[in-house]
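The structures considered in this document are given below.
In the two complexes below, chain A is the common chain; its partner is chain B in one and chain C in the other.
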Partner chain A sequence: MSYFWTLLIYGVLVGALYGLVAIAFALIYKVSRVINFAQGEMMMLVAYIAYSIALVTDGNLYIQIATIIAASVVIGAIIERVIVRPMLGRSTFSIVMLTIALAVFVRAFVGLFWDTDSHRYPIAVGGEMVSIFGVTFLVSQLVLLAIFFATCIGLWAFLKYTIAGIAMRATASDPAVTMLMGISVKRLYSIAWVISAVISGMAGVLYANIYHVGPSIGSIGTRAFPAAILGGLDSVLGAGIGGIIIGVVENLAGGYIGSGYKEIAGFVVVLIVLMFRPYGLFGERQIERV
Partner chain B sequence: MRTRTFKQTYGELTRLLPYSSSWTWYVALLAALIALPLVGPTYVSTFVLLILSAAVGAIGLNIVTGSAGLISLGHAGFLAIGAYTTAILTTDYGFDLIPTLVIAGLVSAASSLLVGIPSLRLKGLYLAITTLAFSIIVTQLIVEAEWLTGGSIGKAVTRTTVFGYPVRSTISIYYIALGVLVLTIFGALNLLRSRVGRAWMAIRDYDTAARMMGINLVQYKLFAFAVSAFLTGVAGGLSALYVRYINIDGFTLIVSVEAVAMILVGGLGSVRGAILGAIIITILPDVSRWLMNTMFRSVFVLPAANSQEIKGIIYAVMIILFLRYEPDGLAARWAVIKRFWSEWPLGKARG
Partner chain C sequence: MLKSGPSSGELGGSAPVAAARAGLEVANAQIFYDSHVEAVRDISFAVPPGQIVCLLGSNGAGKSTTLKAISGILFPEKGMLVSGSITYDGRRIDRVEADEVVRGGVVLVPEGRRLFINLTVEENLLVGGISRSAADRRAQLERVYDQFPELPEHRHRISGYLSGGQQQMVAIGRALMSNPTLLMLDEPSLGLAPKIVDSIFEAIVQLRSNDMSVLLVEQNAHLALSVADFGYVMERGRIVFDGSANDLMESPEIQEFYLGMNASKQRKSLRHVKHYKRRKRWLS
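Let's look at the complex of A and B:
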């Protein structure tokens, strides 16, 4: 197996994680035109909650899954209802600043309630190695990849076929008209935040399962920005593809140029792509009427 | 009775300060600031020095974000460029301080083209993330360029000379910072009241319309970034001078966030707002430490290791409350209070 292919495949695996987070970004942006800078911190919070529950319940897998979903739903709903909704109608800039403050808050809260060290995730499902075409994977990495594809397909179907999904697309194109059609846009915002919290919560736990539980989970949120931007902020599937691309580019840069450049490769790519396509690769171009 | 709105000539509209009596107050304030290190304790003037250099940076950010409406989350990058340029010039080459600060600003302004050019096509949050990307790239490149910047270890800053006189104490830095801030305020006020400032505001309010009015978007957007980066670079240079040892950890994303918090809390687009915001955000950590020590100690004992987290929580809650309940910033509140008292007893308390 050549060096190149190894880098490429591991890039895809990292990219799947970025992709999940980027999808969570894109969903909120698509519906409400807000970027949630606290996404990484939400991941971290869910991962820590799951970690604590796993310690108590001997790592029962089903309790784990239930905890992750319940915690994410509650966190997403509370943040939307208490923090974001009262700010609706304010400038985007203020709301974004609000989510940044929220990120600082959650980070500090986690540090206070748990600690700032790294821990091994107690259940670590899929710690076994498998070898496919000469590349060795952890089973948990394959689980991550499977969940990534399942999320992409599931969300695509949700947006295309369900009433709520169609209403979301309608809100994305014109919130005022959607409201006039008798759709509760507020409830849609709430749904979007909850779905996005569940996706990022899953991503957080998957990261924790492969690597460790620690404050570094929060920085995955920042690293996933290029993915969301590359795909186009309002394109949910584009964000997933953007994640894969950024993961591969980072890994190749890290492998061929130097490990320090791994950190910034994604940002450089985004800076270049945006010069030519200001709305990302798959984003919708906004036409302004004067 | 004086009113805030009645202007008879164009000259009155574009005056630097609205009333000649204001000059008296500002000169008095300046005199007080000059006298402060001579009469007050050193820690107070060190503290004011922090505020002075933060104010220079905040005015810089407010030009690009508040006046020209181009959101920047990357000002930590410009700050880092200014600080490292200062460190390299003074420590390695023994430059005089004044030219060093000017060069630091110019290098930073030149680097602003990197984000200025994408900003011609990007809007809103896309631009915010691009500037964020810029600052992350800058800090990583500084770590990589070890031969120049000391890499992740950091770099000591020598306080060299001002016009040949050696700089020894923090007090000298204080006076330099005060001078820089006064120049910055005059420069910013002049830019904002003139053709350039009006063009920026037109771009902020509606760029397509501004373009139809004959405003050259390329020129003015790049100029806004360049002026802003220049001031932020100078602020970075000042901070390097009093910190005396710079490290890349001092220029993380949180610094950009603090800068944005300053102008949001103070008030977008106004010089006074930037200064008020710089004061509030700079003293906030110390106020929260004080609150912690006085209020919480009696209720329950907290381990010292957690003070950082509690500071973070108080800081975040303050920003959330400000955004929620004082969205126009302190500058607007200031105007309301001032009008209330100048029209007393006829005015009403809310604007």
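Let's look at the complex of A and C:
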């Protein structure tokens, strides 16, 4: 397998991780027009909780999965109910500032409650190596890719074909009128935050499983945000594709230009794309009657 | 007839006859924006079951604010009902969430249609029926398509690209999806061609024959009174006239100030109409 293809495939694997977090960004933005800058920290918190549970349960997979989902649901619901909902009606800027404060708080909390060191994730499965077309992967990397595609297709179908999904898209368009249809907008916001927390929580644990558990997980949010912008903040599927593009571009830049360029390559692509498509690659254009 | 406060109109007229259900009753409602801007002052009116009642008045009279208060969506605009009450079929609805008002059978078609413009026609309609079961929603969707035969051919089109008249049909159809017993329409004729307006108003009249009440807010007084059973006229947040549609049509005051006609029922010139504010007797 050529160097290029190896970089490309590993870029896709990293991009799948960015894509999951970007989808979480996009879902919240799509429904409530809020950018949750604590997304990375939420995934870090779930990863640490799952790590602690894994230590005491000897890495039992089923307990792991249940823990990840339960912790994510609780974290998403609490943040929406306690922090975001009281701010409804205030300016979006205020809510975004609040999510930044939340990010700082979660980072500090994790440092105090656990520690600031990196740890190997003690899970019992996914550590085996497999070789496909001459490229060697961890099984857990393939699991990540499978979860990414399943999330993309599942969310797309949910938003397109279910009445709750259509209601979420309607809320994004006009929340006041959505209320006039008998829809509880608060409940929809809550559902969006919970789904988003579960997706980013899964991403956090998958990252921890492949690499390590540590405070650096929080920075994945910062890397995934340009992916959401690139795909279109209001396009869930677009955000996922944006993640793959950023992952591939980062890997190619790191491999061919130098590892120092890896960090900025994604942002350069975002800048170029936004100059021509300000709403992102797959973002919805606003329809205006003239 | 409910008294419309101290400034109750001079026409009186026959009161709407209430059936077994109580319908909508707004009693001494006072609405403020931002806690200090009074938009509606001590208004009272009723919409009995199965009748079309219109709220007339110029811009800023408080008509849309009244509809928003009934629908429970004053809060996002920092509005508040500070006194009085709003009841529907005997149950207070002024302290419940908007979604509960809809489930209670009261639905508003907002001014300017306000469709979910990135959703298709059918998706807009389905969202309107979200409070119903999936089977009921499908059945009601077919009924709406029967009511507006033009819509099925556009069901998969993005609603933002429809004409104004088609959008208004979707907006009314979307409201009908929840099977309301009281439909409130805010300026349904706004920005539409006269021919389209006629077909929209035909549909509104048809709704009454389905035993639905309609509260119609409209600046086009002639059009509104031509389909309504009863009317209320608002000015600067107060109800200044009320009466049956026929009485209001015949009233020299209404003819002069809202229908633009003189005593001999001739259209007045723009020059005469322009001075109407100065000559309004009930506000002096």
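Convention: the second predicted complex is superposed on the first by the 285 of 290 C-alpha atoms of A that agree within 3 Å, B and C clash if a C-alpha of one lies under 4 Å from a C-alpha of the other, contacts with A are read in each partner's own complex, and residues count from 1 in each chain.
The rule we apply is simple: contacts are C-beta pairs under 8 Å (C-beta built on N, C-alpha and C of every residue); 3 or more make two chains touch, one makes a residue touch a chain.
None of the values given here were measured: they were computed from a predicted structure.
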{"item": "Combined model on chain A where chain B meets chain C, clash or fit", "value": "fit"}
{"item": "Which of chain B and chain C A:L102 touches, first, second, both or neither", "value": "first"}
{"item": "Contacts of A:E284 with chain B and chain C, given as first, second, both or neither", "value": "second"}
{"item": "First (chain B), second (chain C), both or neither touched by A:S173", "value": "second"}
{"item": "Inter-centroid angle chain B-chain A-chain C after superposition on A [Cα, multiple of 10°]", "value": "80"}
{"item": "Partner chain(s) touched by A:G154 [first = chain B, second = chain C, both, neither]", "value": "neither"}
{"item": "Contacts of A:G111 with chain B and chain C, given as first, second, both or neither", "value": "first"}
{"item": "Dominant toucher of chain A (residue count), chain B or chain C", "value": "B"}
{"item": "Contacts of A:F93 with chain B and chain C, given as first, second, both or neither", "value": "first"}
{"item": "Contacts of A:I183 with chain B and chain C, given as first, second, both or neither", "value": "second"}
{"item": "Minimum C-alpha spacing, chains overlaid - chain B and chain C, in Å", "value": "12"}
{"item": "Shared chain A surface residues [contacts with chain B and with chain C]", "value": "none"}
{"item": "Chain A-touching residues of chain C, taken from the complex the two chains share", "value": "71-73, 75-76, 78, 97-99, 102-103, 107-108, 110, 114, 116-119, 123-124, 126-128, 130-131, 134, 137, 158, 160-161, 164, 174-175, 178"}
{"item": "For the chain A and chain C complex, residues of the former touching the latter", "value": "89, 163, 166-167, 169-170, 173-184, 284, 287, 289"}
{"item": "Of chain A, residues touching chain B in the complex", "value": "29, 33, 35, 83, 86-87, 90, 92-94, 96-98, 100-102, 104-105, 107-109, 111-112, 222, 225-226, 228-229, 233, 258, 260-261, 263-264, 267-268, 270-271, 274-275, 278-280, 288, 290"}
{"item": "Chain B - residues contacting chain A, complex", "value": "71, 114, 117-118, 121-126, 128-130, 132-134, 136-137, 140-141, 143-144, 208-209, 212, 253-254, 257, 260-261, 264, 306, 308-313, 315-317, 319-320, 323-324, 327"}
